Each structure stands twice: as structure tokens, then as C-alpha cells.
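There are two complexes below, and they share subunit A, which is joined by subunit B in the first and by subunit C in the second.
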Partner chain A sequence: MSLRKVLAVALGILSAIGGFVDIGDLVFNTQAGATVGFQLLWVVVIGVLGITVYSEMCGRVSAVAKRPVFDLVRERTGFGAGLATLVASEVVNLMTCAAEVGGVAITLQLLAGLPYRVLIPLGVLGLVLCAWVLPFEWLERTFGYLGLCLLVFAVAAIKLHPDWGQVAHGFVPGSHHGGSLLVYLYFAVGLLGAAMTPYEVYFYSSGAVEDGWGPKDLGLNKVTAILGYTLGGFLSFSLMIVAAVVFLPQGITPELLGTPPLVAADVLGQVGLLLALVGILFAVGGAAIETSFSGAYNLAQFFGWRWGKKERHAGAPRFTLAWLVMFALAMVIVMTGVDPVKLTEYSVIFSVVALPLTYLPILLIANDRAYMGGHVNGKFANVLGVVYLVIILVIAVAAIPLMILTNGGQG
Partner chain B sequence: MREDPGPSRRLRVLVVATTLAFLAGACGGSGPLDAEALSHEADTVRSTAAEGALLARNALAGRTTRIYTREHATDLADSASRTAATLTEATAEPALQPELQQLTQIAAQVNAALEQLVTAPAGEEGAIADQLQAAADASRQVGEGLT
Partner chain C sequence: MSKVVDVDIALSILDHQLVDADGKNCGKVDDLEITGLEGDAPEVVEILVGGSAWRSRALFGRLAASLSGDAVHVPWHEVDSVTSVVRLRRPASELRLDRGDDRWARIIGKVPGS
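Now for the complex of A and B:
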């Protein structure tokens, strides 16, 4: 592999790490850490492995079939099942996009001090301009690299000198002690949902087509999925660790997006605070673009419209209109005054309910020789795929009852 | 003679009844607060006060920006104000009235201290941090007394 190729892969991985965290991860990781300490670190590992397994499948399907997953979902599962998947994923996409847009406005408010309701349309305008002007690769990289500012939480986690023995114990599955079991399970479900959000795999798969991946890129797909998500998972660990060390002993339950950066300020001063805010702004802003695009990708691929960022806007007008409408609807939702953090909690929990509709068709297609030829799932991928499907089914059933019974994790 | 509704209908009725029970539980009703609900309110007051104290201490040490301190304190004050309003309108079982009153007072104090923090000149954050920490400790004691 040439040095240039290695550099390209490294840059891709870096942007994947920076783009790993979105508002769902920020909310659930810090709330889980502040509520049950290190006890749920193992769930992040399970979630990261799950999204890695299915993203690798999606990337492989796109690279081999040269078609994105949603396109194949309709063809493989038929109109009815495809439509159900489309509706579920669009509802979750819109809720997530609205939460991310709200997150952008809150972060801008914490940075600039302007009124929240003014910053919502300004934030959306900024995101739309970026999405309109920047090529796909630049979009991924700009938001991904600046999202790397979130590594400030990893530095803070180390500087806080947590009890590493306790941290290690948190990686042991099922290590529940003290507090409500239902709350523990609610956060376990939320963390899995936040890590395995459906828009991520749809965006990844469509991105693979946008980047023109072919069978020769299967190695790149594997490396990007494994390293990008695994290293991105360290950001989740960091958020949970800092919340467990700083918030839990003081009884602080993070209910505001401005709360996590307070740890960075506490440990690293103003520079830490600003890095955390910039990191959150770009992580959440990047996710807002990804969700709006994911919504447009799904619609366009389902109805057979021309799609893609690589197409000129006039060349794919319905696709362009679709992501603009996603942003507009998200803005309207946030302007109603709904709390973005609460919206995040709902969107993550509802996305958990929709997870089987996303992941089952991917598993079916990745095993279909008519599409995949010799690149169908191997035994290892299938074992993992089936195990995760069972996990997904269980948490999909449990998600809403747990949310209601625990009052959204508040006990 | 009425026909047996059959297992599928019974299952539907069970699902609907369970859902309604969940929703009723989630809505919480408007009856008097019991010890568990009051303890939950104490946790909320404690969380807001403790976070406000942490913010004020960091502001005093120059570890936050003025804009962040002002905006985040405003958000926390809004949260405390909502909790204070909820507690003011709430009723509790007779034996829990003293705790409810105490908690309502603490929530109002937290709200006032956070509003002070929004406009506090440099150097005054220390006293506000002390007030908020005292409020956090007091609400923790109220909560512990209820469990």
C-alpha cells in the first residue's frame, strides 16, 4: 500500500472517530456515568462491536453490489416491508435530526451568548450552507476532524485519576450493584440504541457508494469500520468515566447539553471548556447533516430517484429537496420549544424499537449470493450478525416499557 | 349465550390494559406526593444545586468563560424555577408536609442563587457557590430522610 493510500485511510479513520459521537452518545453516556458509575462500560463495547459488524456488512454490500443498502432492502423484502422500514427510519431520522439541530443551537448559545431561538435558524442555515457547498469528502472530514476536539474528555478522564480497577470492573458484563435494576437496564438499552443508531449504517452505506467503493475497497471498508468505530468508542468511555468521577459523587444528573463541558472546564480550564464546546458543536452538527442526508438517501433510494452528493443539485432535485425538507422540519420541531435533550432520549429509545427493521434486511442481503456473489457473510460475521439480531429484538421489546417504568431513567 | 372472546382478544385486552397502566404511571396523576416522589424531587433539587455550585466554583477560578457561565447558569435557573413551581403547587401526604415545605424553600433558594450567578460580578461567585453547596447538602438530607 502506498504512503498516500495509508494517509488516506488514516484520515478516513480519524474522521470516523471524530464523527462517532452524536447527541445521543453525549446524553446517554454522561447520564449513565452519573447514575450508575462505571457499571455500564461493557454495554458500550457491545454497542461498538454491533455497529462495527453491521457497518462492515453495509459497506461490503455497497462495494460489491454498487448499490446502497436501502435500495436493496425494498427489492429484497418487497414493497410492504420496505415501506415499513422507510417510515420507521424516517421518523427516527427526523427526531434525531431535530435533536441534533437543537444541540447545535444550544452549543452556539454557550459559545456566543446569543438567544437560543435566534440561533436555531442561524445554525440550520450554517449547516445547510456547509451541506450545499462542501463536497461529500470534505463534509465528512471537516466535521469529523473538528469533532476530534472531544478527545478533551479522554484527557480529562486520565487527569481525573479514576480508580482504574473499578473502571476495568465496569467492562465485566452484568456487573450491576446498588441502585435500581430497571434504571440500570434502561441505560443499557439507551447506550446500545445510541451506539447502533440506524442512520449511521444508512449513511455509511450510501457514503460507500458516493465514494465509489468497489470490491477492491473491501479491505478499506473493514479497516475503517473496525478502527473508526472502535477508537470512536473510546470517546464514549471517556464521557462515561468523567461523569462517573465528577457528577456521581455530587448527585448531579446531567439534564442539559451544557453540563458535560463543565467537567472539561473543571479539569482543564477555559481551553478544555472551549475544546469541549467546539467538539460538541461539530460532532452534533455533523450528525445533523448525516441524519438529514440519511433521510434523503432512504427516500430517494426507496422511490428510485436520482440521488447523491456527487450529483449536482439540479441533477438530483428530489434528493436535494428531501434533505432540505428534513432540515426545515427539524427546525420547526425545535422552534416549538421542545427540549433537545428530552427529544434525544425519545429518539434513541424509539430508534431501538426500529432497530430490527434496519438490521434484519441487512443481514438477509449480506447472505444473498444473488447480490453478493462470493462476498457473502462468512461464519463469523453470521454468528455475530445473528447474536446481535437477538439482542436487538430483546431491547426493541424492552425499550419503551423501561422508559415508562423508570420515568426516562430517573427512577 | 356470549361466546368466549378467545385468547387473541384476551391478549389484546391485556396489552391495552397494560399500556394504560403504564401511561397512568408515567403521567403520575395529580394526587399528593408520597415519600418516593418527594425523594425524587429532592434528588432533582440536589442535582441542580450541586451543578450550580460546581459552575460557580469554576467561574471563580477563571476556568469558564463569562458567556458560558451566564448561559449555563440561566438554563440551570430555569430548571430550578420549574422545580420550585412544581413543588409550590404540589401537595404531600400529611406526614410529609414539613419535608415538602423545606424542599420548596430550598428550590426557591437555589433558583435565586442561580439567578444571582447569571449577573454576578467577578469575585462574587464564591459566596454563591457556598449557598448552592449548602442547598445541595440540605436537599440531600431531606432525600435521605425520606428513604
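Now for the complex of A and C:
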């Protein structure tokens, strides 16, 4: 591999790390850390491995069949099941997009001090302008790289000198002690949902088609999926460790999105605070764009419209209209005054319920020789794929009862 | 493609992507019009795209169909090839398959930078 290519791959991985964390991860990782300490670190590992396995499959399907996953969902499962998947995924996409937009507005408020309700439309306007003007790679990279400012939480986690023995113990599966088991399970489900959000795989596969991936890019696909998500997982660990060290002993539940950056300020001063806020702004803003595009990709691919960010906007008009409408609806939802943190919790829990509809068709298509030829899933991918499908089915059934029984994790 | 087609092959293209002569997406194979099903020589006459073509497709389809207009009928002889997508012989506009995208293209096209 030439140096140039290594650099390109490294840059892609960096933006994948920066793009890993969204508002769901921020909320669930800090709340889980603040509530049960290090005990659920192992669940993040499982979540990260799950999204890696399924993203790799999606990327492979896109590279070999040259078509994104949702395009094939309808072909493979038929109109009825395809439409049900479309409706479920659009509801989840919209809720997630609204939560991210709320997160952008809160972060802007902390940075600029203007009223929240003024910053909602301004934030949406800024995101729409970026999405309208910037080409696909620029969009991905700008938000991905600036999202890397979140690494400030990794520095903070180390500087806080946690008891590393206890941290290591948190990576042992099932190590529940003290506190309510139901709350523990609720956060486990939420963490899995936050790590494995459906929009990520839809966006990843459509992005791969837009980037013109072919069978020669299968190696790139594997490396980006594995390294990007695994290293992104370290950001999740950091958030949870920071919350466990700072919030848990004081009995603080970070109900506000502005609470975690204060830790960075505490440990690293003004610069830490600024980095944390910029990191959150771009991580969450990038996710807002990804969810709105994901919504548009799915709709266009189900109905067979022209689609793609690579097209001129007028060349794929209904696709363009769809992501603009996603942003508009998300803005309306947030303007009603609904609490973005609550909205995030709901969006993650509902996305868990819809997860089987996302992941089952992917597994079927990745095993279909008519589409994949010799690039169908190997044994390893299939064993993991099936194991995760079982996990997903279990948490999909458990998610809403757990949310109700624990009053959203408050016990 | 030849006029006499294997109905099994035709049914397998249900829900596949339609691509026009210019390589542009122009809908999905939402339904098929087949004649002679009672006889021994059934034949696919038309591909139906959009709107009322969803009526026969599950409960959701009936709902979606009731909210939209008439389907576009594409005669089978307009089909150029069937691979993983169904390629048509003519541009979408000549087959009236561009109604949705073209209508919105005029509006979106007015925005700077589009």
C-alpha cells in the first residue's frame, strides 16, 4: 500500500471515530456511569462488536452488489415487510434526528449564551447549510475530525485516576452488585441500543455506494469498520469512566447535556470545557445530518427514486426534499419544548424495538449468493451475526417493559 | 425483451429497481399485469409503477395506494434487460415515469447551489 493510501485510510478511520459518538451514547454512557459505575463497561464492548459486525456486512453488500441495504430490503422481504421496516426506521430516524438537533441547540447555548429556542432554528439552519454546500467527503470529515475533540474525555478519564482494578472488573460480563437489577438491565439495553443505532448502518451502506466502493474496497471496509468503531468505543468508555468517578460518589444523575463537559472543565480548565463542547457540537451535529440523510436514503431507496448526495440537489429532488423535511420536522419536535435528554432516551429505546427489522434483512442479504456471489458471509460473520440477532430479539422484547418498570432508569 | 416471457422470471422482478435508458432510477416494479392466467400461456403485459399499483400489496399497500394517484403502466416491450435491476429502453420522461422527480426538480432547482 502506498503512503498516500495509508494516509487516506487513516483519515477515514479518524472520521469514523469522531463520528461514532452521538447523543444516544452521550446520554446513556454518562447516565450508566453515574448510576452503576464501571459495572456496564462490558456491555459497551458487546455493542461495539455488534455494530462492527453488521456495518462490515452492510459495507460488503454495498461493495459487491453496488446497492445500499435498504434498496435490497424491499427486494428481499417484499412490499409489506419492507414498508413496515421503512415506517419503523423512519420513526426512529426522526426521533433520533430531533434528539440530535436538541443536543446541538443545548451545546450552542452553552457556547454562545443565547436563548435555547432561538438557537434551535439557528442550529438547524447551520446544519442544513453545511449539508447543502459541502460535498459528501467534506461533510463526513469536517464533522468527524472536529468530533475528535471528545478525546478530551479520555484525557479527563486518565487524569481522574480511577481505580483501574475496578475499571477492569467492569469489563467482566454480568458483574452486577449493589443497586436494582432492573435499572442495571435497563442501562444495559440502552447502551446496546445507543451503540447499534439503525441509522448508522443505513448511512454507512449508502455512503459506501456513494463513494463508489467495489470488491477491491472490501479490505478498506473491514479496516474502517473494525478500527473506526473499536476506537470509537474508547470514547464511550471514557464518558462512562468520567461519570462513574465524578457523578456516582456525589449521587448526581446527569439529566442535563451540559453536565459532562463540566467534568472536562474541572479536570482540564477552560480549554477542556471548550474542547468538550466543540466535540459534542460536531459529534451531535454530524449525527443530526446522518439521521436526516438516513431518512432520505431509506425513503428514496424504498420507492426507487433518484438519490444521493453526489447528485446535484436538483438531480435527486425528492431525496433532497426528504432530508430537508426530516430537518424541518425534527426542528418542530424540539421547538415544542420536549426535553432533548428524555427524547434521546425514548429514541434509543424505540430504536432497540425496531432493531430486528434492521438487522435481520442485512443478515439474509449478506448470505444470499444471488447478490453476493463468493462474498457471502463466512462462518465467523454468520456465527456472530446470529448471536447478535438473538441478543437483539431479547432486548427488543425487554426494552419497553424495562423502561416502564424502572421509570427510565431512575429506579 | 421478447414478448413471450416466463411468468416465473417476471414475478421474480417484483419490487426490483427500474432504471431508464439514461441510467437514472425511475421507480420500482410495484405490480405486474399478467394475462391468460387461466389458459396455458400466461403472458406479462405491463409493469405497474406507483400509486394504485400498491393496492394489491399487503395491508400497508392498500393504505398507501389510497393516498396516492394512478399507477404508471409500462408495456413489457419497453424492458431492455433484467439483471439485478430492470433496465428500460427509453428515458423515464418518455414513459411518464419522471413525474415525481421532475416536478420537484423544477422547485429545488430554483434554490442557489442546487
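Here, the second predicted complex is superposed on the first by the 411 of 411 C-alpha atoms of A that agree within 3 Å, B and C clash if a C-alpha of one lies under 4 Å from a C-alpha of the other, contacts with A are read in each partner's own complex, and residues count from 1 in each chain.
We take it that a residue touches a chain if its C-beta (ideal position, glycine included) is under 8 Å from a C-beta of that chain, and two chains touch if they have at least 3 such contacts.
Because the structure is predicted, anything quoted here is derived from the model rather than measured.
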Once both complexes are superposed via subunit A, do subunit B and subunit C end up clashing or fitting? fit
Would you check which partner chain A:407 touches, where first means subunit B only, second means subunit C only, and both and neither mean what they say? first
What is the contact status of A:262 with respect to subunit B (first) and subunit C (second): first, second, both, or neither? first
Determine, under the contact definition given at the top, whether A:305 touches first (subunit B), second (subunit C), both, or neither. second
Which holds for A:273: it touches subunit B only (first), subunit C only (second), both, or neither? first
Applying the touch criterion given at the start, work out whether A:112 contacts subunit B, subunit C, both or neither, answering first, second, both or neither. first
On the A-aligned overlay, A:133 touches which partner chain: subunit B = first, subunit C = second, or both, or neither? second
Once chain A of both complexes is superposed, is A:67 in touch with subunit B (first), subunit C (second), both, or neither? second
In the superposition on the shared chain, how near does any CA atom of subunit B get to one of subunit C? Answer in angstrom. 22
Subunit B contacts subunit A in the complex at 22-23, 25-26, 40, 43-44, 46-47, 50-51, 54-55, 58, 62-65, 67-68, 70-72, 75-76, 79, 136, 140
For the complex, which residues does subunit A have touching subunit C? 65, 67, 71, 74-75, 78-80, 82-84, 87, 132-133, 300, 302-307, 312-318, 320-321, 371
Residues of subunit C touching subunit A in the complex: 14-18, 24-28, 30, 49-50, 54, 57-61, 64, 84, 100-102, 104-105, 107-109, 111, 113-114
Subunit B partner, complex, touching residues on subunit A are 109-113, 246, 250-253, 255-256, 258-259, 261-262, 265-266, 269-270, 272-274, 277, 401, 404-405, 407, 410-411
